[in-house]
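Look for subunit A in each of the two complexes below; its partner is subunit B in the first and subunit C in the second.
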Partner chain A sequence: MKKKSKDNLFYGLLLLPALVLFVLFFIIPVVQSTWLSFTDSYGMKSTYNFVGLNNYKEALRDLSFKKTINATSKYALISVVFGNVLSLVLALILDSKLKLKNLLRAIFFIPNIMSLLVVGYIWSFVYTSVFPDIFAALGIKSFAILGNKTLVVPALAVVGIWNAAGYYMVIYIAALQGISDDIIEAARIDGAGFLHLLHYIRLPLIAPTIFTCLILSIAAHMKVFELPYTMTSGGPVGESMTMVYKIYTTAFNANRNGYAAAQSIILFVMIASVTLVLNFIMKKREEKL
Partner chain B sequence: MDSKISNKPLYIFKVICIWILAAAFFAPLLLVLLNSFKTKGEIMTSAIALPTSFHLDNFAAILSESNFVTSFLCSLFVVAATTSLTVLVSAMAGYSLAKWKNKIAGILMIVIMATLFVPFQVYMVAMIVVVKNLGLTGNIFGLILVYIALGMPVPIFLCRSYAVGMSKEIEEAAIIDGCSKWTMFLRIVLPLMKPILATVAVLNALWVWGEFLVAFLVYGNAKPMTLPLSQRYFYGTYSNQWNLILTNFLISSIPIVLFYVVMQKHIVKGITAGAVKG
Partner chain C sequence: MKKKFEKGLALLVCLILVGTSMVGCGKASNGTGSDTQEKTGNDTATEAATATPAPDSGEKATIEILSLKTEEGPQKAFDQMFEAFKKDHPNVEFDIQAMSSDELKTTLRARSASGDMPDIITWMKEVEPEYLLDLSGESFIDNLNADSVAAANAIYDNGVYAMPIDNGYIGLYYNKDVLEANGLTAPKTVSELKNACEVLKENGITPFASSLSDLSVPYMSLIALFSETVFGPNPDWSAQRDAGETAILDDSGWKTAFDLHKEFVYTYSDADTAYNQSYDDCAALLANGEVAFYGNGSWALSGIRDVNPDANIGLEAFPISENEQDAKLLCFPDTSLSICADTDNIDAAKEFLSYVASEDAGKIWSENVKVSSTVNGVNVDYDPIAADINYYLTNNLFTPYGDRVLRSVFTDKLWEIFSYYMLDEYDWDTLAKELDTAWDTALNAQ
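Right, the complex of A and B next:
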């Protein structure tokens, strides 16, 4: 009996530091965030009133907020679809026999280890100084890519893809290496070419990984903040203002904590529902097999 | 490979594709490198031309700027403190969650895993209120605490999985030999967990080194700035002096690239281990 309580003390104390941090910097903020979203909390003022669903109603009417949902979804859609296709292509090529494979991997991965802030600034240099020079050299009339309403979000997505492609490539390579050589060899002997192998063997076998990468990359890209912050300040006319950027300005520039909390909850619901739908599809697919 | 000959065109196609992509990926970095050797005037004339001479004035200017060196050291300190404490806290928690036969441990595990699905950005507004109430805004140790809290869920998960697979015999033998449970944890368990701890540490260090948003919100404009904070400040102060800005980026990226070269295996292991759980 005494030994048991001593054990409990030992394991409890081991867990304690993580638990304290967890309660302070996760449980309390999450609960408070939910609560704040139903109040008119303003800045650091300690008194505020319960306003029911007013913040949510305002968000649904607020054109500038709806615009950020649009921009974020567009950005995430482009980055997720093209990014995953690109990462998969890189992985398929780098999984085969190739010279200088390690150098190539490093080239694709280094953008991922750089700070997103630095990535944003470097690309703002590329878009504002390099592209005009390239246009001039080609004799094309120069225009501001980041100032163009239709091009600005795709231009940011290019940077998002450049930054993230190496990360998902690493995951896809690991999945491809997990396919046993016997299966590939057997299919080869049966006369399967590259595309047949890809369509009937490789892609179906790594389908769970594709779903994982889709889920991870959707969540990652929907949280984008640094890129519009460094490259466009949300412009032109709010066209590239993303949700996290909007939450940031609502909370820290306009000081409307309550409204910002409601916007955060809406972002969470969006990410969670896409994740759940993808999870559901993945489960369905596994059951079929 | 008996299919080598028939696959020759495919092989060439692959090689051409991958090198075109690699060139496209490397181009922005190459531009940073080239322009860090130019003067401001040269960049204004053309951002894509080769530098006329390899003069190193920009490098000298950045390295002699005291703020850059201070921020560099500040970031080193923050990374060292955050990563070592994250590793310790996660190893302790992960081990406890793996070995504690208790209902609370089971529930806690599920709750901690739930954090993985709630991004920081969702509760950042309330988090800053908590940080302010604790009096930790603008405090470097406050920033480190928040980093540990935000960075620990995946490490705890990985440590727990690792500890579940560790044999009980060694630990029991140590206890029989008269070790206290704490000595056993420090002398036996931690060294046994070294492989997973190294992986966790490498990924954590990479994240902390380049992290901006959390530092910006928690630490703000306090001094000494971390590197990303100082880079934002630098960009604001030296706007349009791309020669200096790009050189700053280049120098501050060198350690992280070297780190990648040395730690490649751990990085790959960590990313794939973290993704498998999803």
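Right, the complex of A and C next:
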């Protein structure tokens, strides 16, 4: 055997453990899930039938599923936009010569190490007990924030942002600290103030990181489950029923595994589409530069 | 030479990693060398019966029980029953895990997929009969109320897969002191209930306790109402709907249930705070006399008593018309036990169920859980409220058909959209059509 072939075999064998794990825990479940979406698999029944595209057709006709797409998109839009802005602002603050920046960095990051289920229960208490008490103390008529059709999704998004802001902040800090001091100094000598530095130097240089954070946060927020599960049960009138929560109830309450798998594939396609569009925009932008 | 050795070592480590991964993906073995994954329930049951030791044969057996009874009362009852059972069966140990209904469903689904079901479970309609042991013909089943056994297994075409151990109910709790303080008595008709709510409202008291953040609270009242308006007058309604002879859209009983639910549970609860109230809050409101009415089931009683053991409360069927006799309490077999078909401890499990069906165990369960037992001859005065329930039972003013006999696909949709009608998001036609579609989907999915 030639040396090159031998080397290739050796490297292939080195890759084998990772490949086996990848196939076992990613490829096979994805293929099985896709296959399941074309069946009428039901609950714990061990037999099922192939039903073609019926589950997909039903999902596209299902009013409540369409509603979950709206709720998820609304939640993701608010969380992604405001969450990234907040993370960037925090990163800019902590990228300065602030004395307490290490302490503040840890404080801002703490919510991210908490499970979203725990976060959901904490904020449920805040919305249902703390806020009404504050309203009462201020002499304002109490109202249920989580029971308001207009406010419920933004209220959940606030919790999502609170939880994730520290994570994206750390990524932005790393990107900001990667900007050469020479460039900043040169710009300052040329008379650039904070806003000019931000607009013409910092933001353009960390644009790839911003795109990465956007993609990461879109994928994360589109998959939100714990917050509606712990805080609203999808209510009021389904306004906060997100796609993953719907998939959960379809699979575990209605026991319709096949239909739930089809809903999952639709969610996957949605997230993949948004990611691809963002990637396309990013590449176009890089080509321009 | 050194390079070759390093390469060889790297390859060896890789192969070990691959081997470990593959071993981790193997099926669990039950220790007897039998693989239960691809056997039918009957096959495995028969094999287990011949292959496993009898409980008093000297070999140790550990019965694993997965239970959805997470409250303190049932856990105490189980512990006492285990102790009593072990006196005659010293070789049997118990491993019980209590979890929420959702957790149990998920756990059982995962364990059935890997052929690793426990020995005994608290019955759930989601568990297909192929995973459960048919208890037909077992002598201990005869110790139980025959109607309860029949109602508990109504979902199956034939066979006894669920052994009911208590009877639950869903009805309207009322606080007698609150009513009396406002010059009222327990309302028996719709107009009396309406009048009571108006009087209470005028006197600054919220008539109904309800939660909108935990939809299980208002949902229970809805179950009680449609049981009375639909299944009370026509126990065969489900069969007729399956045959296409009727529909929710055309059925006045369903509309009456939803309208009464909207009129009382939603309109006469505190809409401003209902989203901030939990299941426990609602029990506390009734126990403390802050509301007069609370629609819920037998499981809510312990929560009410925990807050105020001396709460002067009563229970009645929801009034559904101007005729008092139309009000029928929803009484149904609640907690049921099932033996899993592929258990390795079939004899011990049967022995235990036989003990659970005895009068001694029935008393333990009834006293601790504060429910009426299905065991013949057990009549524990577990709570003053038991007299109210007995009134309905002895006068044949009850219906056993609640959501327990409805299919999961339908109840999931009902749960999801019932509040849409209550909060005016849906009109009746839209709601009823969606429910009819869900019924048909459920019928086809089963």
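Quick note on the criterion: the second predicted complex is superposed on the first by the 265 of 289 C-alpha atoms of A that agree within 3 Å, B and C clash if a C-alpha of one lies under 4 Å from a C-alpha of the other, contacts with A are read in each partner's own complex, and residues count from 1 in each chain.
Following the convention adopted for this analysis, a contact is a pair of C-beta atoms (placed from the backbone, for glycine too) under 8 Å apart; a residue touches a chain by one contact, two chains touch by 3 or more.
Given the structure is predicted, the values throughout are model-derived calculations rather than measurements.
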{"item": "Subunit A as common anchor, with subunit B and subunit C clashing or fitting", "value": "clash"}
{"item": "First, second, both or neither for A:Leu14, with subunit B first and subunit C second", "value": "both"}
{"item": "Subunit B versus subunit C as contact partner of A:Ile183, first or second or both or neither", "value": "neither"}
{"item": "Partner chain(s) touched by A:Lys45 [first = subunit B, second = subunit C, both, neither]", "value": "second"}
{"item": "Contact breadth on subunit A, by residue count: subunit C or subunit B", "value": "B"}
{"item": "Subunit B versus subunit C as contact partner of A:Ser129, first or second or both or neither", "value": "both"}
{"item": "First (subunit B), second (subunit C), both or neither touched by A:Val277", "value": "neither"}
{"item": "Partner chain(s) touched by A:Ala144 [first = subunit B, second = subunit C, both, neither]", "value": "second"}
{"item": "Which of subunit B and subunit C A:Ala261 touches, first, second, both or neither", "value": "first"}
{"item": "Partner chain(s) touched by A:Ser115 [first = subunit B, second = subunit C, both, neither]", "value": "first"}
{"item": "Touched partner set for A:Val85, first subunit B, second subunit C, both or neither", "value": "neither"}
{"item": "Stretch of subunit B penetrating subunit C in the combined three-chain arrangement, among 19-27, 37-45, 91-99 or 127-135", "value": "127-135"}
{"item": "On subunit A, the residue positions that both subunit B and subunit C contact, one per complex", "value": "10, 14, 17, 21, 24, 44, 129, 252"}
{"item": "Complex contacts: residues of subunit A adjacent to subunit B", "value": "6-8, 10-12, 14-15, 17-19, 21-22, 24-26, 28-30, 32-33, 36, 44, 86, 89-90, 93-94, 96-99, 102, 104, 106-111, 113-118, 121-123, 125-126, 129-130, 133-134, 137, 162, 165, 167, 170-171, 174, 188, 194, 209, 212-213, 215-216, 219, 223, 225-226, 230, 244, 247-248, 251-252, 257, 260-261, 264-265, 267-268, 271-272, 275"}
{"item": "Complex contact set, residues of subunit B against subunit A", "value": "1, 3, 7, 10-11, 14-15, 17-19, 21-22, 25-26, 28-29, 31-32, 35, 43, 46-48, 89-90, 92-93, 95-97, 99-100, 102, 105, 108, 111-112, 115, 117-119, 121-130, 132, 134, 145-146, 148-150, 152, 156, 181-182, 185, 206, 209-213, 217, 227-228, 231-232, 235, 242, 245-246, 249, 252-253, 256-257, 259-261, 264, 267-268, 271-272, 275-276, 278"}
{"item": "Touching residues on subunit C, where the partner in the complex is subunit A", "value": "7, 10-11, 14-15, 17-18, 21-22, 25, 102, 105-106, 108-109, 112, 126-128, 130-131, 212-215, 272-277, 408-409, 411-413, 415-417, 419-420, 423, 425, 434, 444-446"}
{"item": "Contact set on subunit A toward subunit C in their complex", "value": "10, 13-14, 16-17, 20-21, 24, 40, 42-46, 63-64, 124, 127-129, 132, 141-144, 146-147, 231-238, 241, 249-250, 252-256"}
